[in-house]
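One structure, pasted below without further comment.
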Amino acid sequence: MLQIRKAPIAAGMLFILIFPWAADRIPGIDHYPDVMIFAGIYCLITIGLSLLMGYAGQISLGHAAFYGIGAYVSGILTTRYGFDPWLCMPIGALAAAAVAVAVGAPSLRLRGHYLAMATLAFGVIVNIFFREQRQWTGGPDGMTGIPGLSLFSFEFDSILSYYYLVWGIVAAAFFFTIALIQSPVGRALRAIHTSEPAAAAMGIPIARYKIFVFAFSAMLASLAGSLYAHYMNFINPGTFDLFFSIKLVIMMALGGMHSIWGALVGAVLVAFLSLEWLHFFEQFEILIYGAILLLVTIFLPEGLAGLPAKLLERARRPS
Amino acid sequence: MMGKKVAAVLLACLLVGGFAISPASAAYKIGALFSVTGGASFLGDPEKKTAEMVVEQINKAGGINGEKIELVVYDDEGDATKCNLFAKKLINQDKVVAVIGPSVSGLSLAVVPVFEKSRTPLISCAASYKIVLNEKSGKPYPWIFKTAQSDSHAVEAIYTQMQKMGISKIAILTVTDGFGASGRQELLRLADQYKIAIVGDEKYDPKDTDMTAQLTKIKGIAPQAIINWSVGPTQVTVMRNWRDLGMQKMVFFQSHGFANRKNIELAAGAAEGVYCPLGACNVAEVLPDDHPQKKVTMDYMQSYMAKYNEPLSSFGGYAWDALYLVADALKAVGPDKAKIRDYLENRKNFIGQHGVFNFSPDDHNGLSKDAFQMVIVKDGDWVLAE
Amino acid sequence: MTNGPLLVIEDLVMSFGGLTALMNIQLRVARGTIKAVIGPNGAGKTTLFNIITGVLSPTEGHIHFTGRAISGLKAHQIAALGISRTFQTVELFTNMTVLENVMVGRHLRINSSFFGCGLALPHIRRQERRLRAQAMEILDFIGLADKSRLLAENLPLGERKILEIGRALATDPLLLCLDEPAAGLNETETEAAARLIQAIKEQGITVLLVEHDMKVIMNISDEITVLNYGEKIAEGTPVHIQNHPQVIEAYLGDGTII
Amino acid sequence: MRHPWFIRAAQRMNSISFATQVLQFIVTGLTVGAIYAMVAIGFNIIYNVTEIINLAQGEFVMLGGLVMVFMHVSVGLPLVPAFLSTIFLVMLVGIVMDRLGIRTIRKPSVMTLIIATVAVSIIIKGVAMLLWGKSPYDLPAFSGRTPIQLGGVVVQPQYLWVIGFLIVVAVGLTYFFNRTILGKAMRACADNPSAARLVGIDVEKMVLLSFALSAAIGAVAGMTMTPIALMDYDRGAMLAIKGFGAAILGGLGSFPGAILGGLLIGLIESLGAGLLLSGYKDAYALIILLAVLFVRPSGILGNLQVTKFKRF
């Protein structure tokens, strides 16, 4: 029976809560909460992707586009039309969902590598529009002056406040997804993943489920994009390019495709590797990044999230 | 049991983070953000090398006011997110007094809010005028300066040269990245002012292998001249395509991004007769002896080539100017962010690699179009244009 | 309409490119009966099943279920109307438990709104408890209650086939289509399967059966249709079929019957 | 004021004719397309035997170019020995990639294998950066740089080399897969690996061979394109994506499809850049790719039956 255990959740939440406090007391890592903000933003996207890739079995190499749609909807509506940032988030999410439905309906008929290429193409096309629609997006140089977030008179302008904001939203998305996985919807998705003919024979509308999950993951990515835009106060097309989509898939692979924990572990790990740790190696950075990725795929094909189970099994097995 | 788990997780995190070196806070600490790797490495790489060389030189000469300076360089890899994080790390953790870089306009724009908010001087090495101009207020951002000539300076230099040559009908080719897009905007904006008609407006991607299609289209329009605005391999390919298509009748102008002798070499002869606006440091040898920048540019060129054994590009010069400006301010007012800012804003007649800088509260770039020398490629080398 | 046949197939033609798999098939399934479709390999039995359950769309012809035209509907829509099925190659949800497999079978009968589920609203949680009880009832009925927590892939083949029938039953079908339920089973397992099919009939559920095991067919079916090379060559009670000269010639000529 | 495109096109007729321009676009498009086609063929060779999409295919092209520069320019070998030794070296890289990267994966699913190829591509790129640095390199054209004039159309001699090598690769592979025992054995693996194993074909060897072969073809593409477009360590990913697009457009696994897909993408890019807004050049090719996939979900020459159920 698929059950999400409570102890790791409690431990994870405690960790998130006290992390800034602890990091502040350790010289050398006091800026880690800042990295964790971006890690949290990535987590939001990978939670949706884990539902799409791990549970519904669909690949996407175009999620950077939805991330970008959220960011640009927030950026354009706030800077050009003076919309309230909070209002932009649902608008962006709905826009991303609408695009996902329009693109998903014909794409999700495609299988395997064809679906990968179609989503990749979609992502690249959207990125070209971000770059070329200068009058709206500011072009390749990007868009400046995006306001930060505030609630009543409280400004989320410090690293600490934004940290808790982002991780609060991540927690909400996490619990929503956990509930979904354990519900009839989650079972239906796993059924589709195992056998489409059998799922259809049980009356599960496969196409609708796939599009729903695609749209839901697009909404989460869009929300992440809005949070990114309001934190950075700046966006440019390079942030939402194909290589970010591939990075998302790498997060999934490193963390583990088939578990929501994998999505979180992978996102946090890649965030720290790429934003913080690897740059110590200077020109060897790319090489080490590739080597880590290769070693994990070779030795932990289930991803890092599969590690505890593996260790547990090894400990139990009499040697 | 759970407490143990939490403790273990925490411990693991701390261990991983542990090798981050705890900062020793030197008084004269300068930060640098360069795109040393990634798509803009042709900018960041010489900038980093130059900055490290300059610091070495200053320290060898006894430092500033008897204090050694320390340079903290981060490679943003051309990524806005990294750049933003590193900027905050330089300010909050490394506690630098000022930062030089980033290498590209997009990233400079990305970190402007960070430096404004933390009230730390930033001297960008990138071109876009938007970096030092708050478009809402029409005034410069108080804490942001830049040493690279604005694209408008390069455009004006090219258009002035065109007027001299009697050219009025041109086509432009720009690359679809920040450099190309900002150049294109200035080319279009200033054309009327110089009575120049842009009859062709083509683009290509930074990773493209061939621009024959775009040039063929331009060939069909038959302008008097072509301006190409890009950096990296594409600017060489486009020139070769131009020569191959037999379009030499249309005079070819490159942007100031052409500023590396390696490009002439790579063009395999196709660069002959190509014009481009360059900073003084590229043409140090051919500058007249009485030129104000003759000495600094010759010094820089000789020491750079001696140290790194590679041809000089003008991008390193941006870092040279930025770093010496900070050093100059430190010498005058000491390690105080606000005083450094005030000093820089009023610095006049600073002789750098890319011109003589005259900053003012209304101009945080301090250069004019005269900062560019118009150069033509002849026998595989630069020659000052008539 | 309640008295008419449950399933009516008229003039059904199915061709793949130039190949005609089914030609002019007429078929009626009366309510509350067990109907068997037999024929040699390649006779078109599984194709017929796939058309009835919406996996394939027929080239020509009409299919009416409870008086409603269903040809051209999608598989999940047909399932919703009350036709459920098993597969020749056993398509269980292998990475789920036995209980979960049956719970998926209840999908049509429950509320599965995306946001209701994500927010874990109280009525979804109540429904989940009810669902579990219903699924256990079905497992009791098919005799797998004690294995409810095992992963489906760990069951032996006989029990997997039984579980697949249980999962199909969970949809509350009017018509249950069983594609070779006894294939690959040993004698005891085959008998158990036959007993289960009879028990299902006694619950008032109509059964359409494709099977090779003639003993099972002759013992449990009320009516048999014989296909050969995509054509119907005979139809009638087991006794009638056993003595039908054409059937004996085409299919049972070697005297293997009974 | 902007006129519609056909009026603008007609206005250009005054200097070189519109037809000449279109011909020039086609010549350029076919050349660029031939490079994409070679990358796509490389994808197909590995895909057919293993079902892996080898995203490091672009790195083979990059290596082909840079190793050739080293052999021909730095070491000073004459063209033909340099060419052959480059193929040999890049093939070695392909073999090492299979041995160390792909075969060692314990539970190979399609997704993990693809990620592994991404990892390998990152590693190759990193090594190339350490060896050659970040600046681009040039290679002398195989037969000079004097353009050939055909009417108003300009053809670089190197264009002919690129297209010629595509033809050589296509003919050579057709012969190899249809006429040689080894080629037939590889095809058997592609059709049905377990059956191939039963008749005594060493499938692992065939996988190794597929990596070597597609690395060699990648190297050829890299060597022929470098005199046109220069080469640097960072070029692989973009080429891989274009080649992947070409393979998908033509139909994965089909060699005629790869050539058709590659040439089509090259042509669409060139004609799109020439006749429409050049900034959207890459978008045109991808929009057409998407449109084709929505109508024919397995590409132009792909076979729906062959497109097996793939799970991730």
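Should a chain be cited, it is by its letter among A, B, C and D, assigned in written order, with residues numbered from 1 in that chain.
The rule is simple: a residue touches a chain if its C-beta (ideal position, glycine included) is under 8 Å from a C-beta of that chain, and two chains touch if they have at least 3 such contacts.
In this text the structure is predicted, and so the values were computed from the model without any measurement.
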Chain whose mean Cα position lies farthest from subunit D: C
Core chain by centroid distance, with centroids computed from Cα atoms only: A
CA centroid of subunit B to CA centroid of subunit D, Å: 35
Euclidean distance of C-alpha centroids - subunit A vs subunit D, Å: 31
Chain centre separation (subunit C, subunit D; CA means) in Å: 49
Subunit A residues counted as touching two or more neighbouring chains: 131-132, 283, 285-286
For subunit D, residues contacting two or more additional chains: 129, 277, 279, 282
Multi-partner residues of subunit C (each touching 2 or more other chains): none
Chain-chain contacts as defined at top: A-B, A-C, A-D, B-D
Subunit D-touching residues of subunit B, taken from the complex the two chains share: 37, 39, 41-42, 45, 176, 202-205, 207-210, 212-214, 216-217, 219-222, 232-233, 236-237, 240, 244-246, 262, 265-266, 268-269
Residue numbers on subunit B that touch subunit A, as the complex places them: 1-2, 5-6, 9-10, 13-14, 16-23, 36-37, 74-75, 78-82, 84-85, 88-89, 92-93, 105-106, 109-110, 112-113, 117, 128, 130, 136, 176-178, 180-182, 185
Contact set on subunit C toward subunit A in their complex: 53-55, 74-76, 79-80, 84-85, 87, 91-97, 99-100, 103-105, 107-108, 110-112, 114, 117-120, 124, 127-128, 131, 149, 167-168, 171
Touching residues on subunit A, where the partner in the complex is subunit D: 53, 57-59, 106-107, 109-114, 116-118, 120-122, 124-125, 128-129, 131-132, 193, 242-243, 246, 249-250, 253, 257, 283-291, 293-294, 297-299, 301-302
Contact set on subunit D toward subunit B in their complex: 12-16, 18, 21, 24-25, 27-29, 31-32, 35, 129, 134-138, 140, 145, 147, 149, 154, 156, 225, 228-230, 232, 234-235, 238, 269-271, 273-275, 277-279, 281-282
